[in-house]
Structures are given as structure tokens and as C-alpha cells.
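What follows is a pair of complexes built around chain A, which joins chain B in one and chain C in the other.
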Partner chain A sequence: MHIPDGFLNTATAAATYVVSAGGVGYSIKEANKKLGEKHVPLMGVMGAFIFAAQMLNFPVMGGTSGHLIGGALAAILLGPWAGLLIMTCVLIVQALVFQDGGITALGANVFNMGLVACFVSYYLYRAVVSLMGENRTGTLVGGFVGAWASVFVAAIACAIELAVSGRSPLGIALPAMAGVHALIGIGEGLITAVVLSFVMATRADLLELQKV
Partner chain B sequence: MKLKWWHVGLLIALGLAIISPLASSWPDGLERVAEDKGFIEAAQGPTFEVIPDYVFPGVGNEALATILAGIVGTLILFGMTYGLAALLKRRGA
Partner chain C sequence: MKHSFIDRYSDLDSPIHHLDPRTRILTTLAFVLAVMVTPPTSWLAFTLYASLMAGLVLLAKLPVRYVLKRSAVVLPFVLMVAVFVPFWGRGQVMGSYNVWLWRVSVTHDGLLVLWSVTVKSWLSALALILLSSTTRFSELLKGLEHVGVPRVMVMILAFMYRYIFVLADEVMRMQRARDSRDVAPLRPYGGGWLWQIRTVGNMIGTLFIRSYERAERVYGAMVARGFDGQVRTLNDLHFRRADLGFGIVFSAALLTIGLITRIA
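Take a look at the complex of A and B:
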């Protein structure tokens, strides 16, 4: 879902840059208050894992693929602000080093795959866990639902940005983006649940870290 | 030296980078929509290139070039997010 340069008009690119920069600024303040020694290696592993996993496109239907965003996994394990920091790092490196996602579109990409993905997934995950209980099932169902929704809502945000930019009318872009990403989101949900299951089986204490 | 949990985590990420040539090369969701709805031509190419499209430049074998790009990126991200967290963490924590 990396928006290249040229898709967004200047106003949309600038507005999303401002909002994303504000979010990242606030996330640095939050991290400064709450990050402890134990968060540090997990932040490193999450950045590395999300970058690598994003390279692995999986087919979702004839001629279309999707890949993990990872904002949900990062937000569930570390909290939404820490998740936003990780996603921002991933997206900056992808834009500057790998020419994946435009530089003028970086603000929008951080908004969609960072802010939107991390906050939608984190609060949905928390809601499911509070309904189903702080147990294995609650964590896995919450992880799947939160991760699916993170992709779905990020795709809707992307469609709105394309429509506002005059690239494709909302009546066309919204159902198209939401439809294909409803499928890609299943992959996001499954990968997130598998990783959470692996963390619970091997280092369950990591799930108990203070959320940032 | 005993392996710590996060060494294993980094090795798993590098493992994913090594299998990255297996990834589907079909367009992703946004690219598919941009093609179907006729605005893919609006995409502008980058103004500079470092490791474009996850293919390490100057390596003849494309799978190897992809693996190298993946390893480089994975290590950059590990260093960046680890370093950022180490800088930001509470003093004395």
C-alpha cells in the first residue's frame, strides 16, 4: 500500500506530512517517558522483522498480491506510539534506500501504515481482549481482528487521500481499495496471530512489557 | 556467547530476507487498483536510486541481489530502531 510520488496532490501530501510529523513528535515524547531497557531489543527486532516480512508478498487472488504492514504486531507488542516510531523508521528506509513509496508521499504512508494501522489495531485488540479475557484465545483473536482492521482502515484512508487528490473518485477508489485489502488483511491477521502465538510460547513475558 | 532471545529474533528476520526471492511478484493491492482504475501512469519514478525495487545493484543473479538487498535493509532497520530506542529510553532505566 506504499503510495508512490505522483498519486497525491500537494495539499494532501502536505496535510498528511503535518499530521504524521505531529504524531511522530508526540511518539518521541511518549517513548522518552515510558521506554525501558527491556523495550530496546524488542524495538530492534520488530524493525528488522517488519522490514523483512514486508518483502514477502503473498498472492491473494489472480494477479494481485499483498504483504504484511506490521503496524498491528508492533502496536500490540509495544504500544501504538512505539509502533508508530517503528513503522516510521521502516517507511523512511523503504522510501530513501529502496525507492518503495514516494518521498513526497512519505507523510501519507506514515499516516496510513503508521498512525492509522497502529491505533486501529491496538484499540481493537484491547477491546477484544477485555471482552474475551487476558488469555491465549483473547490475544490471538484480538491480534487477528486488530490486524485485519488495520489493513482495512488504512486502505480506506488511502482511498480517501486518492479521492481528495483528484486521482480516482471516492465511489470508485473506496470499494476497490477496501475490497482487495479485506483479503490482504486476512494475511495480516494470520501472520500477526502466528507471531503472537510464537511469542506466547517462547517469551510470554514480552507481552507484559509496558505499552508505549 | 549464549544466544539471547533477541539474537534469535534478528536471525528469524534475516531468515525471512533470505527467502524473499520466493515472494509473489504480482502487483500489490494499491498497484492493482491503480492499474484497474487507470491512474497507474500518474506514478513518478524516483529522483535517485540506491537499491531500487529491493534488487542490490551490480549483482547478476537476481535472487542473490534480492537476498542481499533484504539483508542490508533488515540490518539497517535493526540498527535504526534499536538505536532510536536506546537513545529515547528513560534515563537510568
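Take a look at the complex of A and C:
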């Protein structure tokens, strides 16, 4: 879902850049306030962690494979602002080093896979946990729902940006993107739930970290 | 550690490699923006942009096949999003065909959109490949900091870059461990779909705990050495006459291409 250069019109690219830059600026301030100077090495190593986790492929269907996107996992473990900061770093490296996502579309990509994905997943996760209780089931269901929704809603945001830019009619792009990513989201949700379950079994204190 | 995928060819010796990173960053940005605002029907402009890139790739002594292969990275998105547009777009119909049960029409506007996104994303990818294959990541970060990217962001990116190699090694060791325990060679990675999801999830969980603990050790080591939230580095960037020359020539080329398309 990394939008390359050339797909967005100037207005959409500029608008998403402004919103994302504001969000990232605020997230740096939040991280600095809550974690102090520790946030620099922590966010950096966590960015490398998401990057490395994306190297692990799992089979999807019919011989294709997918990998974790990780925005939801970062947001649930460390908080939505920290998640946004980490995903922004991952997206910058992907754009600059691998041309995965364009440089003029960076704002839109940060908006979709950072802002939207992290906040949707984090608050859905909190909502599910407060409904089902602070137990294993609540955490796992919350992780699955949050991660699934992060992929689904990010894809919808992506489809809207492409339609607003006049690249593909909304009536076709929206159902297609939403449909495909509703399936991809299942993998993201399951993996996120397994990771949470593993962390709970080995170092449960890491789930209680201060959220940024 | 064998991760040549980052910084590949950035240690070559060519006039482009010797430019100041700021020059390369700003000219790349100018090129991508110029391509972005070019109307899709300016065939001449796109030909000239492509020739400009081809010239620079040759000047930078990059292997042409490697650059072309890398630039194919934009294709999946083009195929996924834009390839159906010509059949659904509104406007002047260029041709209709009967494909089995369906009547398929191709519209002029739709084809134009497909052409526009394909050529623009490809040209922009070429420019970014040129940037990343001629600039070491550490240089790139230094350049980014001096063209206005917030210092904290650059510091976080520098940490990330430092530990990508360490954690990528960790992932490769875990993959090797998993594959060597694989008892069913006919089914890669053993069991069924859910089993594989669980294995990958556990691997990522392990990776998270190890990464978090590593981050704490790194921070502790930094504090022990007097870290106070500031990273001080030498500024060894030099904006030379060659940078000025390259900047002027490149901007002039972009402006000329823009003017030609206005007149034509």
C-alpha cells in the first residue's frame, strides 16, 4: 500500500504532508516529555525492530506471501504517538533506500500507515480491553481487532486519496482496496495477537509499559 | 553480516559521488516535483527527463541493468491500482471490444491516467535510486539535517540505521533455526497455515523482547558515557564550486524542459 510518486495530485500530496508533519512534530514532543532523552535510542531501535519484523514472510494464499506491517503492534506495545514516530522512520528508510513509496507521497503514506493505522488500532484495542476486561482473552481479541482494523482503515484512506487525485474512480477503488485489505488484515491481526500472547507469556511487564 | 542491499554502489568513484549530499538531495527533490507537475501529454518533456536521468546514471558509473531492475519496484502498485482505469474511466471511448461475455471499452482519459502514473512513478523512482546509490546513508542523514529535517528525527533515523543490520542478522539466525528444524521438506516451513502464522508471531515476539532489552542496554551505555540528549557531530560537509555548477546546470535543464513544454 506504499503509494509511489506520480499517483497523487499536488493538493492531496501537500495536504497529507502538512497533517503528517504536524502529527510527527507533536509525537516527538510527546515522546520527549514522557520518556525523556531515552526516547531517541528507544524509538531508533524499535524502528529497526519493525523493519526487521517485516523481513519475516508468511504464506497468504495461492503461493503468495505477506509480511507484518507493524503499525498496530508498535501502537499497542508503546502507544499511538510512539507508533506514529516509529512508522514514520520505517517509511522514510523504505522510501529513501528501497523506493518503496515515493518521496512526494511520503506524507500520504505516513498519514495512512502511521497516523490512521496507529490511532485506529490503539483506541480499538483499548476499547475491546475495557469491554472484555484486562485479561488474556481481552488483550488477544483487542490485538486482533485493532491490527485488522489498522490495515482495513489505512487501505480505505489510501483509496480515498487516490480517488481525490483523480487516479481511480472511488466506486471501484474503494471496494477493491477495502476487500483485498480486509483479507490481508486477517494475517496482520493473527500475527499481532500471537506476538502479544508471546510477550504476555515471557515478559508480561513489557505490556504494561508507559504508553506514549 | 551481508546486507549489501543498503548503500550498494555508494562507494563508487564518480563526479556525482563527490557532490555534497545536500546538492544531491535538493536536485532529486526538484526533479521529482518537476515530474509531478508536468502535464501527462508532454511527451517531449518525459523523453527529456528520461534522457537526463540516463545521462546521470552513466555519469555516476552505476550498472544500467541494476538501476532498471530496481526501478521495477513501482510496477506492483501500478498494476494493482491503475491498470484497470482505462476500462472504467469516463470520456471519449477509443475502442470497444467484445471479450467473451463482456463488452470492454477503453477510454482516452483512462489511458492517459495510466500513462501518467506509470511514467511519473518510474521517473521519480529512477531519481531516488540515483540518490540512494550514490550517497551513503550516513551522508544522506547529514544532508537531510542541513536541509531542515528536525535534528531529533535525524538522530532517531541514525539509531535505526545502526541497528537494522544487527536485527536483520538476528532475524536471519532465527529463520535458519526454524528452517533447520523443518521436518517436512515437501512443505516449506512444515505445518499448516495457522502453524506458520504462530511460528512467525513467536519469532516476532522474541525479536521484540530482544530489541527492547537491547534498546535499554544501549541507553544505559550511552548514559554511562555522559549522554545528555544531544548528539554532537562534526560538520564536514563542504559546498564546493562543483556543487554550485551542478546545481545551476541541473536547474537550468529542468527549467528548459518546463519552458519547451509550455511552448510546444
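Simple rule for what comes next: the second predicted complex is superposed on the first by the 188 of 212 C-alpha atoms of A that agree within 3 Å, B and C clash if a C-alpha of one lies under 4 Å from a C-alpha of the other, contacts with A are read in each partner's own complex, and residues count from 1 in each chain.
By definition in this document, contacts are C-beta pairs under 8 Å (C-beta built on N, C-alpha and C of every residue); 3 or more make two chains touch, one makes a residue touch a chain.
Predicted model, so just to flag it, every value in this text is computed and none were measured.
**Q** Should A:V153 be classified as contacting the first partner (chain B), the second (chain C), both, or neither?
**A** Neither partner.
**Q** Between chain B (first) and chain C (second), which, if any, makes contact with A:L85: first, second, both or neither?
**A** A:L85: touches chain B and chain C.
**Q** So, A:H181: does it touch chain B (first), chain C (second), both, or neither?
**A** The answer is first: A:H181 touches chain B but not chain C.
**Q** So in the superposed three-chain picture, is A:Q99 touching just chain B, just chain C, both, or none of them (first/second/both/neither)?
**A** both
**Q** I'd like to know which partner A:A163 touches here: chain B for first, chain C for second, both or neither.
**A** After superposing on A, A:A163 lies clear of both chain B and chain C.
**Q** If we overlay the two complexes on their shared chain A, which of chain B and chain C does A:L115 touch? Say first, second, both or neither.
**A** In the superposed model, A:L115 contacts neither chain B nor chain C.
**Q** Go through the superposed model and pick first if A:M46 touches only chain B, second if only chain C, both, or neither.
**A** Both partners, chain B and chain C.
**Q** Using the superposition on chain A described above, determine whether A:G25 touches chain B (first), chain C (second), both, or neither.
**A** In the superposed model, A:G25 contacts chain C only, not chain B.
**Q** Is A:G66 touching the first partner chain B, the second partner chain C, both, or neither of them?
**A** A:G66 sits against chain B, while chain C stays out of touch.
**Q** For chain A, give the residues common to its interface with chain B and its interface with chain C.
**A** 2-7, 28, 32, 36-37, 40-49, 51-53, 55-59, 85, 89-90, 93, 96-100, 102-103, 162, 167-168, 172-173, 202-203, 206
**Q** Under the touch definition given earlier, write down the residues of chain A that touch chain B in their complex.
**A** The contact residues of chain A facing chain B are 1-7, 28, 31-37, 39-53, 55-60, 63-67, 82, 85-86, 89-90, 93-94, 96-100, 102-103, 155, 158, 162, 167-168, 172-173, 176-177, 180-181, 184, 202-203, 206.
**Q** Contact residues on chain A for chain C in the complex?
**A** Per the stated touch rule, the residues are 2-7, 10, 13, 24-25, 28, 32, 36-38, 40-49, 51-53, 55-59, 68, 73, 77, 85, 88-90, 92-93, 95-100, 102-104, 162, 166-169, 172-173, 187, 190-199, 202-203, 206.
**Q** In the complex, go through chain C and note every residue touching chain A.
**A** Residues of chain C touching chain A: 5-6, 28-29, 32-33, 35-37, 70-71, 73-74, 77-78, 81-82, 84-85, 88-89, 113, 116-125, 128-129, 131-132, 137, 140, 150, 152-153, 155-164, 166-168, 170-171, 175, 189, 193-194, 196-198, 200-209, 211-212, 214-216, 218-219, 222, 227-229, 231.
**Q** Report the residues of chain B in contact with chain A in the complex, numbered from low to high.
**A** 4-6, 9-10, 12-14, 16-17, 19-20, 22-30, 32-34, 36-37, 39, 42-44, 46-47, 49-54, 66, 69-70, 72-86, 88-90, 93
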